[in-house]
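In the two complexes below, subunit A is the common chain; its partner is subunit B in one and subunit C in the other.
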Partner chain A sequence: MANMAVSRIKREFKEVMRSEEIVQCSIKIELVNDSWTELRGEIAGPPDTPYEGGKFILEIKVPETYPFNPPKVRFITRIWHPNISSVTGAICLDILKDNWAAAMTLRTVLLSLQALLAAAEPDDPQDAVVAYQFKDKYDLFLLTAKHWTNAYAGGPHTFPDCDSKIQRLRDMGVDEHDARGVLSKENWNLEKATECLFS
Partner chain B sequence: MEMPQLAAILEQPNSTYSGSSNVNSTDTVTEHLNNEKHNEHITTQLRQFGRPTLSVPTDSEPGLSADKKDTTGNSSNDKEHSDESLYECNICLDTAKDAVVSMCGHLFCWPCLHQWLLTRPSRKLCPVCKAAVDRDKVIPLYGRNSTRQEDPRNKVPPRPAGHRTEPEPVPGFPGFGFGDGFHMSFGIGAFPFGFITSSLNFGEPRPPAANRGTTQYEDEQTLSKLFLYLAFLCIGWLLFA
Partner chain C sequence: MQRPQTDHKQLKLQNQHSEQSEHNSNNGTRIAASSSTHNHDMSTPILAQRSGGGGSSAPVQPPKSLSLSQNNYAASDTSGEEEFLDSRYECAICIDWLNEPVLTSCGHRFCKRCLTDWLQNHNQCCPLDNKQLSAEQDIFPDNYTRREIEQLKHKCPNSPLGCALVASPIEVHRHLPSCPYRRQPQPEQLEEKCPFAKIKCDFVGRPETNQLEEHLKSDMPHHMQLMLQAFQQTAIATWQPQKASTSTGGGSLENGHGHGQLAPPPQYANGVDEQIVQTMYQRIVVLEQRTREQETRIENLNKQLRLARQPIDPRYSNGTIVWNIGHLGNLVSRLRANANNQVYSHECYTSPYGYKFCARLNIQPRKPHVLSLHVHLMQSENDFHLDWPFKGRIKLCMVHPTDASQSQHDTIMTKPEILAFHQPREAISTRGFGFLEYANISNIMHLGFVADDRLLIKIEINLV
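Up next is the complex of A and B:
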């Protein structure tokens, strides 16, 4: 069965390489090791979303039972999205769990994840804090998501206000990523963030 | 006018049609043809008649290229790929072996589909369109030249067949037995029920009657007459007594 997983991944790899999306630079895939069990995907942030202009790296682990069971996918690039953990990068997407079908491929998985970035499902969240912000303070969510895209995925929008607040926390000895996480969680309220960090 | 020629070639006893390889059989047919136009026509015919695999040596068959669909690109590799992918299993992405097609029209190798159905016994859905699929709702595909016409569904699943043993016969009224091959049961009861008991015999079926002319047949005739008179006697006795 492992042979089947490898031979299929090889075919899918070729399929991605031949696909139109690779020409448009919207998805990309590369090998991590020679055994074809681990790959690295990359998706471009979809246009008209806070992720536009960013490149998001994904870790793809192919189980021995592939394609009868889904590949294990998580974001390596940090991202602020209701259905993706801002801490671990774990993804909440039905096709990577119960709704997986054996005819799906790496290409369709990457395209589905791209679609997930464009259409979040805050009612079925992976990251409850992000989902709450998405539903309650959508403007702040957009700002935070754009800031994260800029900080981690090379997005174009810079937010000097956010950067200065993070710098203030870093001056207090807080790690940059922790500072960004707490400030994002506390809706960029520096006092609450400080309270949360040092209480 | 080309069809009879095709038929004649196919009927030639020295052709390797009964052989194992599809490629060989195609070569044999093409060797008999000098006319390239006929060559093209016949290879087209062969393809239409459901060859199980498309591993046709395209380089050696000039007529085949006209028949190919030019969908993706200009290079021959692309054309070859687009043509072959029509017959790829939707699970292993290889050319379908022991092919079956679902009611929703999607092609699979039976081993692949079987494995998929085993992986999710509670949700038997088509891997492509998520329509319902089941073992009994797929159609096996047989190519014209496939030597083994066995249903692929019977081969691959190591699915044990059910074992059903007949229950032991319940000991009861043995009926009237007269040696081998003759069996008769006869019920006696109050008037209207008497007919029912003698005409409705449940349980073991009667053995077939002996052939006409044999001594056993004569014996059976005599005995049946005897019992018929006896039955009339009993009924008469019941009515008039």
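Up next is the complex of A and C:
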């Protein structure tokens, strides 16, 4: 069984390396170790989304029972998205769970994740806070997502206001990532964020 | 042998043709509209997700993009092994030749083993379109496809090595592990060396990845350095001593070479000599470099030493004399030889504008075993504004080098009637104050005050 997983991954790997998307630099995949059980994926943020211009790194773990069970995929790059945990990078996507099909490949998984970035499902959230912001304060969601893309994935949009608020919290001795997380959750309200951190 | 191959080519052509007509909307304009196929690929998985999220929605048809990808995949061969892996004969689960193919009621083919495993491991639906499948009713052996595959004739991939087997892909697959011509230690993963490996770049990458490309981009400075090193190596290797060439130039005349001709390259008795010369030259270069480094180091150390040796300005000694008396053995014999011989310490000031003192050691001829120690006032530019006679406390200490508790302490208080503390009339006051019998020389030696032929006496003079 494990043998089948490895031989399939090898074939899929070649498929991805030859695909059009890799030429367009839209997806990328590379090996982490020699056993072909752990891979590292990279997807580009889709155009016309707050993630545009960012490069998101994914951890892909291939189970021994692959392709009968889905690969375990997680965002390593931090991202602000209703279906992705802003803390752990865990992904809520049905094809990585119950709707997995053996005919799916690494390439289709990466493309699906790219599509998920373009079309969030706030009604089936992984990160409830993000989903609430998405539904209730969409403008703030866009700003936060762009800011995170800039901070973690090399996106082009900078928000000096956010940076200065984060710096204020850092001056109080808060870790940068914690500061960004709490401010994002509190809709960039510095007072509420401070209260949340120090109470 | 020839016929089945042409047959197969025909099959393949037909196959491509049928694909074209099937996916005309997608493939027909593929080159011009590659972005549209891209979008199409992206949209399908969302459909799949929504169907999952909604729960009861009708099964959608995601596999169009999947089958497209398989076509892409089959179009260019993966390795020598599966030369003509045809998408019609490919199992979507193992992405390999259909082995004992079965057909589902929804019209998809899989290996029997793969589909059984899938249905046992997972919910009862088709891996390609999510349609419900019952193991008893919806799956049939596809003997037609099995025969088609069996009729394909493939050469063993080891045919260049001499294997004459020609059989169906499945049989070739089965035969491979026992093929007598298989490469013995089969390189499981080929390694891709850096083109700069010749000049000692030890990077090794995987051919399936773009590690090498990245390496070539990012490690350019390293490669430049390697090239420089290699160039220097060849420069050293091709270097030839001037003398040798002139001497053989002279010899060339005897050998019948004309004047106008260039002197032939120097000839050594044998290759070993040449190698020795080269090695020596390299060694010289290394040694010269090292000498230069050492010289710089010595210079730096000298600088430090000069700084450290600068004596403290006696004005700022705060009335303390730390007298490190070296070569004590010689000194003692010199002092004994003549009663007029005496030795003075360096001077000190009690404060920057205070009294100036020094100390003196001598040996009285009557008591050749005892050192006398006296403190003398000295003339200084401050004398005119100071109060006379000097009033203060003088502490003498003979420091034990290893055991501070054994150090000998003496304290003297001045008295106004002692002439030694009146304003000095000479550079060093002729009258001193101290101990005629300060210390017994043999005792000093005995008790270990002298280490390394040195004796340390510390004198502190304070105003009261």
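Here is the rule we use: the second predicted complex is superposed on the first by the 199 of 199 C-alpha atoms of A that agree within 3 Å, B and C clash if a C-alpha of one lies under 4 Å from a C-alpha of the other, contacts with A are read in each partner's own complex, and residues count from 1 in each chain.
Throughout what follows, contacts are C-beta pairs under 8 Å (C-beta built on N, C-alpha and C of every residue); 3 or more make two chains touch, one makes a residue touch a chain.
Bear in mind that the values here come from a model prediction, so they are computed numbers and not experimental data.
Visitor: With both structures lined up on subunit A, is it a clash or a fit for subunit B and subunit C?
Guide: Taken together on subunit A, subunit C would clash with subunit B, as the superposition shows.
Visitor: Of the partners subunit B and subunit C, which touch A:Asp94 in the superposed model: first, second, both, neither?
Guide: It touches subunit C, and subunit B stays clear.
Visitor: Considering only the touch criterion stated at the top, classify A:Glu20 as touching first (subunit B), second (subunit C), both, or neither.
Guide: A:Glu20 contacts subunit C only, not subunit B.
Visitor: Examine A:Met4 and indicate which partner it touches, taking first as subunit B and second as subunit C; both and neither are also allowed.
Guide: The answer is both, since A:Met4 touches subunit B and subunit C.
Visitor: For A:His177 in the superposed arrangement: first (subunit B), second (subunit C), both or neither?
Guide: Neither partner.
Visitor: Looking at A:Lys55 after the superposition, I want to know if it touches subunit B, subunit C, both of them or none. Which is it: first, second, both, neither?
Guide: The answer is neither, since A:Lys55 touches no partner chain.
Visitor: Thinking of the overlay built on chain A, is A:Arg168 touched by subunit B (first), by subunit C (second), by both, or by neither?
Guide: Touch status of A:Arg168: no partner.
Visitor: Is A:Arg74 in contact with subunit B, with subunit C, with both, or with neither (first, second, both, neither)?
Guide: In the superposed model, A:Arg74 contacts neither subunit B nor subunit C.
Visitor: Check the residue A:Ser112 against both partner chains and state whether it touches subunit B (first), subunit C (second), both, or neither.
Guide: A:Ser112: touches subunit C, not subunit B.
Visitor: Overlap of the subunit B and subunit C footprints on subunit A, residue-wise?
Guide: Shared contact residues on subunit A (touching subunit B in one complex, subunit C in the other): 4, 7-8, 11-12, 65, 67-69, 98, 101-105.
Visitor: Looking at the complex, which residues from subunit B come into contact with subunit A?
Guide: Touching subunit A from subunit B are residues 90-94, 106, 112, 115-116, 119, 123, 125-128, 130.
Visitor: Touching residues of subunit A toward subunit B in the complex: what are they?
Guide: Within the complex, subunit A touches subunit B at residues 4, 7-8, 11-12, 65, 67-69, 98, 101-105.
Visitor: Which residues of subunit A touch subunit C in the complex?
Guide: It is residues 4, 7-8, 10-15, 17-21, 24, 26, 30-31, 34, 46, 65, 67-69, 93-95, 97-105, 107-108, 111-112, 114-116, 118-119, 121, 123-124 of subunit A that touch subunit C.
Visitor: Give every residue of subunit C touching subunit A within the complex, in rising order.
Guide: Residues in contact with subunit A: 34, 37-38, 41-43, 45-46, 48-53, 63, 65-66, 69, 72-73, 76, 78, 92-96, 114, 117-118, 121-123, 125-128, 130, 189, 206, 208-211.
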